[in-house]
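The next part holds the structures, each set out as structure tokens.
In the two complexes below, chain A is the common chain; its partner is chain B in one and chain C in the other.
Moving on, here comes the complex of A and B:
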């Protein structure tokens, strides 16, 4: 590795590159993760007890989750809701990505992409906060529904999981649109035309031509969206209520309210395992590799 | 109407609704800034006012949070940009059996939830007696922002014509001169874009920051805490200002990018 680098850039520069890379990968990426995993397998001890007889590896922190019915329920709710958010986002994004890539003229597409980028650059907190205003008990959505006579009493949108999920689809949609757009854009228009000429209808063209081609994009979008949804703290904190807590909020409480970092580390590791599991599943299902995701 | 045309019409309609969905919430939030109501809402409309901008400007906590955010972003730029560049150069140069593993490791921060990056950073530095604050926020954020920088620099580096490099060396340039005079100028646009993105990513980060920020606050953490406690339309005023800055930046960035593309297209024709 060093030989190849120093042949191209010379010794000093090769050293600098390897130092920066090594420092980042070891001190910032790998060691903290390993430390977190190590923490999760140790009991929460007082400083005086460290190194004592109780200071050893244990599964205790993981048993806590299994024994705690509420936490277990929230874990699975986070899993299912994140899957649902991912699917919803996919369904909402696909027509848009297809339009951008294949239907719109280059000028229209460029304008739409600029319009898409703007909210994407705006703070996640602010994007979520704007939904907080809309969904409020006396907010505009309730007022409109009341005025239209669709409901008789205002609805408490902010007290269940629905508000959280609406906010998440809104917050993460662009992580789905762009990978999809990139994938569909690389499809040769002639393939779509050929399918039409051979008598395939719209649905069939999508099912047999466009979607199979867009697989890497679908996989990337789903992985990113799921990871963002499952790991989201801002959206449930702002749009949820105590009754619709997210797993990340439980983790936060272990750290900053329960004061049990070991327990928190175990929960965090489980969240990481969940995300890695989902990612491997999607990659296997769509038969794509890590190289396709980074495009 | 034939089914083909009906479908095309349906798609257009969908696109319109989609963009309404994308922008209406932001407009509602912006509008609520000017409502003379104690709570941030647009219904009922209690009269138009600019007083929330005044209240925002008088809020010392906000200014402190803003200066912290800028400090953190500056720190992140200093760390993440060099790391990202080094990483791209490494991947572009080295081919060995260990590379797929290193590549996966490099991408891993992008696929890890932000809260976990924050948590692991917090836990790791505790053994050295470092607790949450600006320093850890810089480290935590730079961990994944460096990977974004790498992707953007890499995209340009892959289109680099290596014969230019060889030509420079054949003409007697040292390797350092080649890097300094050929490769770095070539990468400059990508590095600048990456720096802009890195700055924004850092400025608006919440999930990672929340765990490593300790008793300090960044602007994003400040906004979130305001939303949950003591909410007034002053938050909207801040949001509106941030949105306007973002829109201006996004447009400037896009215009610059298009000019470059047009210039490239002209070059390609010659």
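Moving on, here comes the complex of A and C:
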């Protein structure tokens, strides 16, 4: 890397670039992470007690999760709900991505992509709030359903997980659509035509030709969506009910309400491990490597 | 099993652009039929209408006597071999060949039997478990054929399937395709812009230009008796001389070559020529031979510009003394040997030809040649309105 850079920019500049890059990686990325790991293995002590006899490394913060039944339940619920959000987003995104990549004319595709992106110019919190308004007990969605006579009484969308699900699918759909779109785009149209020509209907064509080809894209989209969903704070905080608490909210509470950073850090790491575990599981399931995903 | 194909007054428009002008054509069951024409003339479009990927803007396609309107691609008795083959890269050879049978719900054992049989047919026994990405170009070609044949189509559609192969392999595959066609008895509809392929393999050839079929006939007739200037220039090499018709007796036509003096040629019964009409005389390079001063037939005086030795024959580039136009002459090795001394650049040589082998056609414009490929693309605008066999009488 140094050689390439110095050929391009000369020695001193290349040196400067690499130094800055190294500093950035160490100071901004590595050190804080190490600090948090360190935190997570230490007990929560008053400043005066630090370095005292009680200070030392311990697994106590990690054990808390397994002792605390509620936290444990929320942890697994977050995992399960994130999987659900991921699947839901995949189901919504696949037809859209296929349409954009293979059916729409370039103009239609450009227009659609623009329409998809415009809402993302608005801050995530505001976008989530708009769903809060739409889904509210006396909100427009209920009004419309009532007016159409489809329901007799307004529905409490925001009481269970439904609100959070809708909000998250909406918030992360682009992270699913784009990898899928890229993957499907690169499939030769003649592959689809050949399958049709050999007698395959559209379901089989998707199952045997399009989906296998799009696998790396599907894996990428699923991993990104899952990570974002599991690590989401704003959506469950705004659209969730007390019954649909997210693990991130617990972490937040440890840090900013409980003031127990050590405990928070341990929880945060457990969530990270969960995400990495999920990622490797997905990659194994789809038989794709890191290289395929980076493409 | 009737694999006949009929195009009935078919038209294909894309917006304002008419890719296929009104066309009617019948292809017999079991025939090896080729569409030959330059790039962009509408060959793939015709194939797509037969396979069902495109619906004609007007008219209809019939296969085995049944109208195909409303029959989707996956229910037509056709199979296509794509220009880029479109094998499924994530599947093995077996899976590729068996795909069509899997779709039809054939059980696994029967499928495997069928694919083994087809692998034997295309001489690739034992490569069933390979991935298609591990195959060579020629092998991929054969797998594509096997995959298409697996669904037992009545009509096999081939879209320039050999264009990606090198010359040797291409020639080999020609023979192989022809053999497979004979063995299976399936109607082959073959698309190509390579006249060698069309002439060697086909029972009949349709020559196309700019969305029109110019002539449909067997390869020999196509070569000997082209019906339009486009066909004369596109199929094989031809020297084109602009002439005027003096008069006509049966097939023999006397011509006025202007500065070239009186010339002779012949015209088919179907070709309508009026005395005094502007016409074109087509003389193939291999029909010209050097003549001495005593020769009394029509002769062309030239000066040799270049001599190319091509092994079995000699190619001469010459210029007509009277008009300055180019004339290409191809001499077989025996003729070349006889005339050895006089075939040098700068020498003046007279060439004669047998009027029976020189074709006279109404003048429908000079050929337009694609700079990049050296291939005749169409004939120039002159007389365009009458092109497309308009000179051909209904008899």
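As a convention for this text, the second predicted complex is superposed on the first by the 286 of 295 C-alpha atoms of A that agree within 3 Å, B and C clash if a C-alpha of one lies under 4 Å from a C-alpha of the other, contacts with A are read in each partner's own complex, and residues count from 1 in each chain.
Methods note: a contact is a pair of C-beta atoms (placed from the backbone, for glycine too) under 8 Å apart; a residue touches a chain by one contact, two chains touch by 3 or more.
For clarity, every value in this text was computed on a predicted model and none was experimentally measured.
A.B. asks: Based on the shared chain A superposition, would you classify chain B and chain C as clashing or fitting together?
C.D. replies: On the shared chain A, the partners fit.
A.B. asks: What is the contact status of A:281 with respect to chain B (first) and chain C (second): first, second, both, or neither?
C.D. replies: Neither chain B nor chain C is touched by A:281.
A.B. asks: Give one of first, second, both or neither to describe whether A:126 is in contact with chain B, with chain C, with both, or with none.
C.D. replies: first
A.B. asks: Based on the superposed arrangement, let me know which partner A:273 touches: chain B (first), chain C (second), both, or neither?
C.D. replies: A:273: touches no partner chain.
A.B. asks: Angle at chain A, chain B to chain C, CA centres, as a multiple of 10°?
C.D. replies: Apex at chain A; the opening toward chain B and chain C is 80 degrees.
A.B. asks: Looking at the overlay, what does A:91 touch: chain B (first), chain C (second), both, or neither?
C.D. replies: neither
A.B. asks: One more residue to check, A:209. First (chain B), second (chain C), both or neither?
C.D. replies: In the superposition, A:209 touches chain C alone.
A.B. asks: Check the contacts made with chain A and report whether chain B or chain C touches more of its residues.
C.D. replies: In the superposed model, B touches more residues of chain A.
A.B. asks: In the superposed arrangement, does A:59 touch chain B (first), chain C (second), both or neither?
C.D. replies: neither
A.B. asks: Which partner does A:115 reach: the first (chain B), the second (chain C), both, or neither?
C.D. replies: first
A.B. asks: Considering only C-alpha atoms, give the closest distance between chain B and chain C in the superposition, rounded to the nearest Å.
C.D. replies: 7
A.B. asks: Need the overlap of the two footprints on chain A, from chain B and from chain C, as residue ranges.
C.D. replies: Dual-contact residues (chain A): none.
A.B. asks: Please name which positions on chain B make contact with chain A in the complex.
C.D. replies: The contact residues of chain B facing chain A are 3-4, 7-8, 11, 14-15, 18-19, 21-26, 28-29, 32, 40-43, 82-83, 86-87, 89-90, 93-96, 98, 100, 102-117, 119-124, 126-127, 139, 142-143, 146, 151, 165, 174-176, 179, 200, 203-204, 206-207, 210-211, 220, 223-224, 227-228, 235-236, 239, 242-243, 246-247, 249-251, 254, 258.
A.B. asks: Which stretch or stretches of chain C touch chain A in the complex?
C.D. replies: Against chain A, the touching part of chain C is residues 51, 53, 72-75, 78-80, 82-84, 86-88, 90, 99-100, 103-104, 147-148, 150-151.
A.B. asks: Inside the complex, what are the residues of chain A that reach chain B?
C.D. replies: 1, 4-5, 8-10, 12-13, 16-18, 20-21, 23-25, 28-33, 35-36, 39, 92, 95-96, 98-99, 103, 110, 112, 114-119, 121-127, 129-134, 136, 138-140, 143, 170, 173, 202, 223, 227-228, 230-234, 237-238, 248, 251-252, 255, 261, 264-265, 268, 271-272, 275-276, 279, 290-291, 293-294
A.B. asks: Considering the complex alone, what residue numbers of chain A touch chain C?
C.D. replies: Touch list, chain A to chain C: 188, 190-191, 193-201, 204, 208-209, 212-213.
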